[in-house]
Amino acid sequence: MRLKIEVDLDYHFPEATDVLLAVEVAQLPDQVLSEDRLTVSGSGPLRPIGAEDGIGRRTWMRAEGHCRASYRATLAVDRPAEAIGGLSESPLPDLPPEVVPYLWPSRYCEADRFEAFVDKTFGGQSGGARIEAMAEWIRREMDYVIGSSDVTTTAVDAFLSRRGVCRDFAHLMASFARAAGVPARLVSAYAWGLKLPDFHAVVEVWLDGGWHLVDATGLAPIEGLVRICVGRDATDIAFMTIFGVGAMQAQSVQVTRLDG
Amino acid sequence: MRLKIEVDLDYHFPEATDVLLAVEVAQLPDQVLSEDRLTVSGSGPLRPIGAEDGIGRRTWMRAEGHCRASYRATLAVDRPAEAIGGLSESPLPDLPPEVVPYLWPSRYCEADRFEAFVDKTFGGQSGGARIEAMAEWIRREMDYVIGSSDVTTTAVDAFLSRRGVCRDFAHLMASFARAAGVPARLVSAYAWGLKLPDFHAVVEVWLDGGWHLVDATGLAPIEGLVRICVGRDATDIAFMTIFGVGAMQAQSVQVTRLDG
Amino acid sequence: MRLKIEVDLDYHFPEATDVLLAVEVAQLPDQVLSEDRLTVSGSGPLRPIGAEDGIGRRTWMRAEGHCRASYRATLAVDRPAEAIGGLSESPLPDLPPEVVPYLWPSRYCEADRFEAFVDKTFGGQSGGARIEAMAEWIRREMDYVIGSSDVTTTAVDAFLSRRGVCRDFAHLMASFARAAGVPARLVSAYAWGLKLPDFHAVVEVWLDGGWHLVDATGLAPIEGLVRICVGRDATDIAFMTIFGVGAMQAQSVQVTRLDG
Amino acid sequence: MRLKIEVDLDYHFPEATDVLLAVEVAQLPDQVLSEDRLTVSGSGPLRPIGAEDGIGRRTWMRAEGHCRASYRATLAVDRPAEAIGGLSESPLPDLPPEVVPYLWPSRYCEADRFEAFVDKTFGGQSGGARIEAMAEWIRREMDYVIGSSDVTTTAVDAFLSRRGVCRDFAHLMASFARAAGVPARLVSAYAWGLKLPDFHAVVEVWLDGGWHLVDATGLAPIEGLVRICVGRDATDIAFMTIFGVGAMQAQSVQVTRLDG
């Protein structure tokens, strides 16, 4: 699937502010970039750095006043739909060292507080089948309500309110998986076919010795996901982190299929 | 300073359980091992893996029934006492990519919730002087009370209760630093001179392009700290993580000076 | 049912401390006292006061050092087992003014946070049938584990950990009811037939114009409950509130049936 | 001081909904009503009930669709400015039974969690002087920022964010007082002289055998406060409680001085 991605961010910063952008497509075997370009007006020189786990790219900018960032990419995604139901859990001692931290709870994924619920609700299953049952539970019990959460909302908050957006669904998914001893990380992504185009958040779980994508919202096909970067929770993968004060004025994300 | 470290852990596991140990001294320029040995009875084969940030070592064991782990090390620490008061903050865009995540809040360090307090209380200072002011605040306002917290206690909890142990003091220190835009990580350590010998938790902050040790408890000299491993908070650096059920029966940590 | 109640409390107070006791049986139509007596050694003069909602009695004492309180009562309970399943909810505007506050969330019953869960889980039912479904849910999903909670544990905490004691079961029951618009209050009680004799906590819900007892633990029959006092949550109905520092040294509660 | 109060509430309720209004001025010795009238369009018959502690009035309405409530009152307030600094605390056993619950923590006033802070910060003072020191601390350390909190914000949240509105300032004030063993209740009020006219929330503390008004915001003079009702926290004293869904469309509160 060949995709074109167009992102436009229009922000205002009353004072000179460090801003970390994470909008660039990660170069990975199943998503191959033809070309991409990030252009920013209203910023000092850009400073690119790597992202977490060596996956993807981020860019520091020093923004002041009106600032427009524009990102354009064309790429091919070659990722077959995958049934994870048959995958088994990896023995814990086989986990690569860099995967181990994805067992831990994190700021917005209080996995430790879900252990009893996960054990009671999903204790009869294991491996990929258990992960699928968790995703189904989330789709069934949670309402997707735009505006129902904010940057302070944790997995526990969403579990209680039974509402959220992609970020919250992903936090629940990762929390449930970790509570069951399955490493899980958050993934920011562009998603072809998402009804209300925006940055998307999904999860990768570690099964059978590798990472596998899960979208607890079910709002977009796995085959059309384009990963940006990964991390423990929303705080690591934010498309924009402002170290000061800034206000969004306009923002758009478009993912267009070029073939098919 | 030449030190001998002796750790004895005596636990009981009713069922076969994966356990991750993080007790081995990290090999670092300022702490040079002569020899060390981890021996475990009551476990299947040990599986060593690296620890976070490539610092230190961890060991998986499969424990069942009565299990005794014993660790012995002799090493030389050559770390002069350092005054961090004069160090300056590194510009954010200069941070190495692997340091950036230590700006984020984590499970037990809700740095985001301390921003207003930190700005009001320490906003007039910067760099190492601000970090020192934070450590002094913690020493002055917090009571060190053994038994006053447990593994679920967060920095916010400790801030409210004004009580805690080394883990809580370190969580507050890291939270305050991150809330001020200074990367901070938790460090598990052996501490020469600690009154009640036990595993210790301290913090490293990133100033002037490098990590610098801070012990918010002030209970042991920096010159006698022996780092084990590092991470975002207590969950990453636990000396023992039990993936199931286990009970401590006896435990001792001894740090002895061999010279001087 | 004629019952004898014997309570012995043995506490130590390092300094002179105000203590509020709420251990005396409330005089109510369905529980008629023959006689009772509260005696306290190690206290200054006792000062009796009424309890909340005009139900029951409390006693201030000024305790210092070793302090023993002993309470003895004999009474007759005449309360038939009641099926609440058929009762209907009272229209809100018909609630007596003093019942209205039992619609609100309270310190340990965050009813507001359970609205979505309650609506999704019990939304298809109403009245007494809904209350019974809530009690069944609690009995089925919660594990009664002595020592699994403490005085700081809220209904949300118990909901997540799926464990608790009578206090937590009652907090959940009251939270669920209030979230559904049904007034609910906590009731401290002596319970004939309770396996591990202790103070008990149950709930009263307002249905069909009156209060009705519900024991979400199912550990003791409603017919043998002896009410002490009522309130919004555990904090109002504690059998002992210490305004300072005190330590329990021994404590026993016995409820004996005199007839039958 | 003679005052005229004019309140207009314009709401929309998509379905028939029970709504509890608490906008009517309480009749009390220091605030004497000449006349008042509550009129509501778009509601079924109004049902007046008493409010908590026997202070003030509330009115149930059954609203559907567009609903306008209008309240007009003229009254005389005769309340001299009072210096509470010299008042002493009442011995706990002297508290009237109905005052005792105002010692407890409540949903939005987690007094139990502030005990250490209060003891460390205000432990050297007592009585009215301590209450005044608490109010000064709140005025100094908290920023009054409209929009910075919502109905879910607790005293702990406000303490951390160091921001809030009158509701949050009152929650902190009540929490601090209770943590020090001084009964405190929330009071909803009309406030003459409030810059941005709106419903106001203040606190009453129990000192020297009576309730005394404290406004931790310092935004309006005590002499011009007109009490509506009282309760444990914001949930008890809300001017409008909607048992369902409703949206504000317009709202105004005016307090005008008729003499002087």
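Note that the chains take the letters A, B, C and D in the order they are written out, and that residue 1 is the start of every chain.
Everything that follows uses one rule, which is that a contact is a pair of C-beta atoms (placed from the backbone, for glycine too) under 8 Å apart; a residue touches a chain by one contact, two chains touch by 3 or more.
This structure is a prediction, so every number in the text was calculated from the model and none was measured.
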Chains contacting each of chain A and chain C, listed by label: none
Same-residue or different-residue interface between chain B and chain D, half as cut-off: same
Inter-chain centre distance, chain B versus chain C - centres from mean C-alpha coordinates, in Å: 43
Rounded Å distance between chain C and chain D, as computed from the means of their C-alpha atoms: 29
Touching two or more other chains - residue numbers and ranges from chain B: none
Chains touching one another, given as label pairs in label order: A-B, A-C, B-D, C-D
Touch list for chain A against partner chain B, complex: 18, 20, 47, 49-52, 58, 60, 62, 91-93, 95-97, 100-101, 104-107, 109-110, 112, 152, 181, 231-232, 235-236, 243
Complex contacts: residues of chain B adjacent to chain D: 113-114, 116-117, 120, 141, 143, 156, 159-163
